[in-house]
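Look for subunit A in each of the two complexes below; its partner is subunit B in the first and subunit C in the second.
This part shows the complex of A and B:
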């Protein structure tokens, strides 16, 4: 699954301007809107996008500051339909735009994919040894999983098994699921010609072998490219700073950063877990403007944590590699594995990940 | 009729109601003719037979059989023979009959069959389990306990007395237990206790292990999941060993030997005195014979090396896998940064883990990942004999309660 370059990108300034106008428009809405807005504060989610793409690369722009269009409110995101996302470890991939994808042909695609998987099994690419399984493929649209109207609706692929031996009323066992999504991925979709569908983020849960099967079918059919999405320590630090600042009603789990020093003769792992209230208190004093995050603020936040650690142990955590961050909202691992724990902040997390995926494509 | 029976075969002479035990010599069995009544036995038989009454009954208990089978399955295939030999319950001749080149499933079945011949009971099965766990002691997590003596009397340690008191104390509270002892050359007494309840037989699959060196006040316990039995276990230990009290130390590891090294002070200790001379035998130039390469900061490197030696000592470090610190200290920042200035502590939990933690920490300063000398919070692990800490602020310095 090698990467290929996606469509060209537009000028920086125009995109930036559009976002700011959108933010201003949304900001005028009254935050309290009855029961629909159950979020503690809509503005809470209007945090700056960390990954300033004004330089065309994943990382931080000179100003390193972005304002976010307000996210879809809770009412758009049916908790029932998105429950499958929560509390599962999803492996992340970036996907280049799909060519010739028709939303109306989902059932046909399911049949084709099913036949493909059966054929691969015949060829001897056994996915499970010694088990006679009928793999059932289901494709469905996730209309709610999108950021703005410009986004394509999400696409869910599920592989279930029905053992041939069992009777018709036995339950199908879900073997593997994967879903494509775009959450405010306008950067990509606006520059793309007709006939292309932009769903840059792909998340999978299940055996690697099934991921390979599904991925190769999509690659063949829609001429797209999958690539594993790694998360750099820099982006992990953005995530932990941002998520640490979110308020959660009930007692949340600790804000944990896991560092690794793998190249020592005896590798060392350090888990640095901070009480969520104290981490939030620290972040609140660091963040100067609500609704905005700057790279400088994230750096200060991390430096504070490093300094506190150094004061006790005399070890320079900055020399270690940040491999995993974990908060009550979500956790992310540098190999591109995330787990989302709170439906409330699902759009925000997905938006971050979409951003990462787009940066990898371009 | 005379039969010369090979020793490996056991003959259940059913109509006699006897099981032939493995004998050390060849057996000549005079089997009466097939038609004869069992009561008309010829008097002149020469045979070697075990006494009629067996400890566990004539047939081995199914649960014992299953337990032995599972214990053998745990062992790596090429070590099964060695462990069975150490066990000593099966004779050398019986072991010869075993085929150790087949699947472990089959090996274990054959072993169970042999044990059946010998009428193994739970005692023997427990002994086999101890042997396995003694060799694979590093699979378990061990905690260290320290006992305190009541007086200063020098008491001669009597192992028989110890065992009797230990068993007595436990059995007085709980009837359904299996207690097994084994002594090893290094003065270690291994105790295995399988716990039951007043109404249930002991669960052999979740035993507790205790390792006690009688000349020391230290006990190493690998408790099973059934933690409720821990107080009884501790009580039995102090009663049996004539101590007054026992407390758990904040020291845990998989490596039993390293725990012993730490509490018995068998590692090379850090030198308390400051020595300004450079350490002999460590030469930066020796690292690189090429004279064209010059180390710019050689003196810095030497200094770091020396400080490291002072903190950790020269010899190999005891093997620990983790250290945990609960920090309840204040967050102090550079006033310029204008950040958090709370009056309450900044609560953190820091956990270090590594296959060999102390060696790993020792290597940090020379690599530039840490300052030298390393923090006393890390270097005190061995001489304070603990790897769980609670750190609170006390004026300028740190204390661990």
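This part shows the complex of A and C:
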């Protein structure tokens, strides 16, 4: 009987809907100067249901989200240090909190992980920890990749092959990289005890076999679980609406939506491209509430696009499945693959992805 | 002993023999003369002839000075035979090992003799550690051949558990380790080392030597075994992934002794010590290829590799702090758990506790939030990922089933629901079809923790009700069964908690009362509808009454200040039920209600406890209405007149006469009630066997009492307690009334 033991068993806290809370926060306290004002008030809110389970976690979306530029100014991020993130296709995973993770032990972890990879590759042969191995592992903190004070700094894992033939100072070839991050993941991090580290979003680039090795080592060592993070069509529509509204200095590429027609013997995709300025103009007419985006607004935006398409092609896109969206900010595929193009909006994109990851964990 | 030991260094073989000789001569003399001394040294003196010949053999072997050939030496032959036959029948006494090992390893005899001697080293009880240590020292001088050395190590492995102490043997770890270099000996040495290794033995230089060997010899199962033991103790130094398939890591080693030892043991009526099992952290065979992160396979228990922080922070003095931990892989028995409970650490992946009862025991003892949290995250993800009715194209229902079953068993073991499982049910019951993994899901429901009523209603009760109304009668019965167990689990938890923490009682007790009330009302509602849908099926009614069997006793049995009567939609179908089992059960339940209500009333009057809770008058009123109906129906034959319940049986005479049923008035009492008719017929057959037609009117007066006795003897205990408690006081009057009523 969890009630009597108090909050001891299981994270019974904030499992309420983040979006709704964000909306509530906005309603209570209109933002005066962006992030600095709104975020603390987020945390002050009630912890939700006593046995907290968020409603509508199975795909029913809720009402509102904060707009992202308001939350995070670009000065926070050192463009140099996060450049590696941009223009690469990242596969998304959600990760439950890491147990017993020590930031000070990154070098030891790297040694253990590298020995683990070697041992897995040559099953049955023992490997000494700490010797030079074919695959070099580097773990490092990404201090810039965090949103609120509760967020842990990001964690970068890189596997590279040691170049044997050439001399020492020659560059190692990067084989695989992956990084953990939490961008305004307060919903999760404010409720877990000290010996847990919340980095709910994990992004990988490189061969799946390496992802499996690194992932299983983390699972074994820190008792965490990885799950692929798929993006529902509803969340894709959120993304395209939000991203279409952002200002870009450079001439941006087209806003493109890819739909897949269901129940056909041959796969049929419909690609729907819109000039970015048109998309922004449309969004600006739809978006009313300052600093917040609501589900209703997103729905209207999409309906306008569908109506326009129907007028020209007599096809109801609403009956098709939205599988991919791409904008000048980022692109996202429903299988859980994203590509981020613009460093200015990196925190915003990551915040949305962190939120999705958390909702998959809780 | 130290003196003797030091004298036994191979450099001074003369003195050694001399000393041994004197010792043994005294012993032997005693044996021969059959004085008291022999009794001191021998466990059994009744086998004089054999003992004698063994003594002679030992003393002969002890005295041999020069190399002796077996051929042409009938004396040696005789003594060898004596040793062998004694060993095979009785085993050798502890004292014999030192002499025989000495002789076998010092190279005096040919290898054939040495082999025979070694082969006959079968212990009757224990083997003194000293004798083994001395034998090992002989290996250093290199007097015996490689084959004999090999045979000795094989013997050592087989009899390892018979050696009385192992401290000095462990001190020779480095010596054994040196023998690894011999390629032929290596597998056996690995096994010996495997048996001897403790955490202190695992050193970087040894790891390097083993890795060199590995590089030279390739993948060898004995090296794998030893290295994985090293990994177990020092994961921060070495790592290895064992290939998926389980195999024997040390073949061999049984040698010629095992069967003989077993036979001797059996003859001596002793149980052999458990030979140490080789446990290695191999991955369990996977049923099929799966993605790395979606394996439903519950991880094997393995100790955490994450200890390096300990060494780091408490450097120097506390460097061996991790020694204190007992690796979970080695936890095999309950006594081990008890001995090491203070230095046990949970496995690196908490999920593995589910399949390990010992760790579940341990979990019960440890109140640490993080273990529940780790389990919560892991289980939550597994359940979501694998749920067969939520994830499209998930073909592995069998696996998921057994996973749910495992969770349920652990919950029963811990007597507590897992919060991840609770959440899973909340999330997925609304989507459940009632078919997928039916019995497992219904079982898991029984461990849903007490929770806020609005949540229970929308996530559990509503979806269950929908399925209940639209599914078969068997499903209905299973749901009722689950809900009964759920109720019992709540009540049991409450009883325990009340004992534990009285302070927080008030606030949470009302919460419990509300939740229980809601559950009982819910079951009352679905039961009413269910009975109507299933045309008052006796089968369904049985399960419903079973549920109320718990409800009617909540006040006395579980000290819960709550009693809820069944709704009329349940009560009347039970009262008018066609079978006696249900009627009897109803009687029993009403009797328990009465007992509980009376007790509550008494407590209320004496103002002893639970003042803030008072059963509402409505409960008493409802009870009384039901009681009136029951008495009318079973006893006074006034069911249609006396029933005052609004949904009851009360009917005008006019209406009754329209039914054209003869003798309406008497159609309900313990004789005429449809459920009792069978009994009354049988009873009549017994008291008037010659009567061809059944004259039920005969059952009155004294026969009425006989009839009651007859009913009680037929196992209608519920009826008995009901009648004795609720009717006895008015029995005289009512019986008279009943008699008057009958024409």
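In the analysis below, the second predicted complex is superposed on the first by the 277 of 362 C-alpha atoms of A that agree within 3 Å, B and C clash if a C-alpha of one lies under 4 Å from a C-alpha of the other, contacts with A are read in each partner's own complex, and residues count from 1 in each chain.
The rule we apply is simple: a contact is a pair of C-beta atoms (placed from the backbone, for glycine too) under 8 Å apart; a residue touches a chain by one contact, two chains touch by 3 or more.
Note that the structure is predicted; figures quoted are calculated from it, not measured.
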### Query
Should A:307 be classified as contacting the first partner (subunit B), the second (subunit C), both, or neither?
first
### Query
Is A:135 contacted by the first partner subunit B, the second partner subunit C, both or neither?
neither
### Query
Of subunit B and subunit C, which one touches more residues of subunit A?
C
### Message
Tell me the contact category for A:274 with respect to subunit B and subunit C: first, second, both or neither.
### Response
first
### Task
Determine, under the contact definition given at the top, whether A:266 touches first (subunit B), second (subunit C), both, or neither.
first
### Message
Tell me the contact category for A:315 with respect to subunit B and subunit C: first, second, both or neither.
### Response
first
### Message
Between subunit B and subunit C, whom does A:361 touch in the aligned arrangement: first, second, both, or neither?
### Response
second
### Message
Per the contact definition in the header, classify A:112: touching subunit B only (first), subunit C only (second), both, or neither.
### Response
second
### Task
In the overlay, answer first, second, both or neither for which of subunit B and subunit C A:219 touches.
second
### Message
List the residues on subunit A that touch subunit C in their complex, please.
### Response
1-4, 8-12, 49-51, 53, 57-58, 93, 96-97, 99-100, 102, 104-105, 108, 112, 115-116, 119-120, 123-130, 192-193, 195-196, 211-212, 215-216, 219-228, 360-362
### Message
Looking at the complex, which residues from subunit C come into contact with subunit A?
### Response
204, 207-208, 210-211, 214, 219, 223-224, 227-228, 230-231, 235-244, 291-294, 299, 302, 304-306, 308-309, 312, 348-350, 369-370, 372-374, 376-378, 380-382, 384-385, 390, 419-420, 422-423, 426-427, 431, 449-452, 455, 459, 490, 493-494, 497, 501, 504, 508, 511-512
### Query
In the complex of these two chains, what residues of subunit B are touching subunit A?
325, 327, 329, 331-334, 337-342, 344, 346-357, 359-361, 363-364, 367-371, 373-375, 377-378, 391, 398
### Contact set on subunit A toward subunit B in their complex
254, 261, 264-275, 278, 281-282, 285-286, 300, 303-304, 307-309, 311-316, 319-320
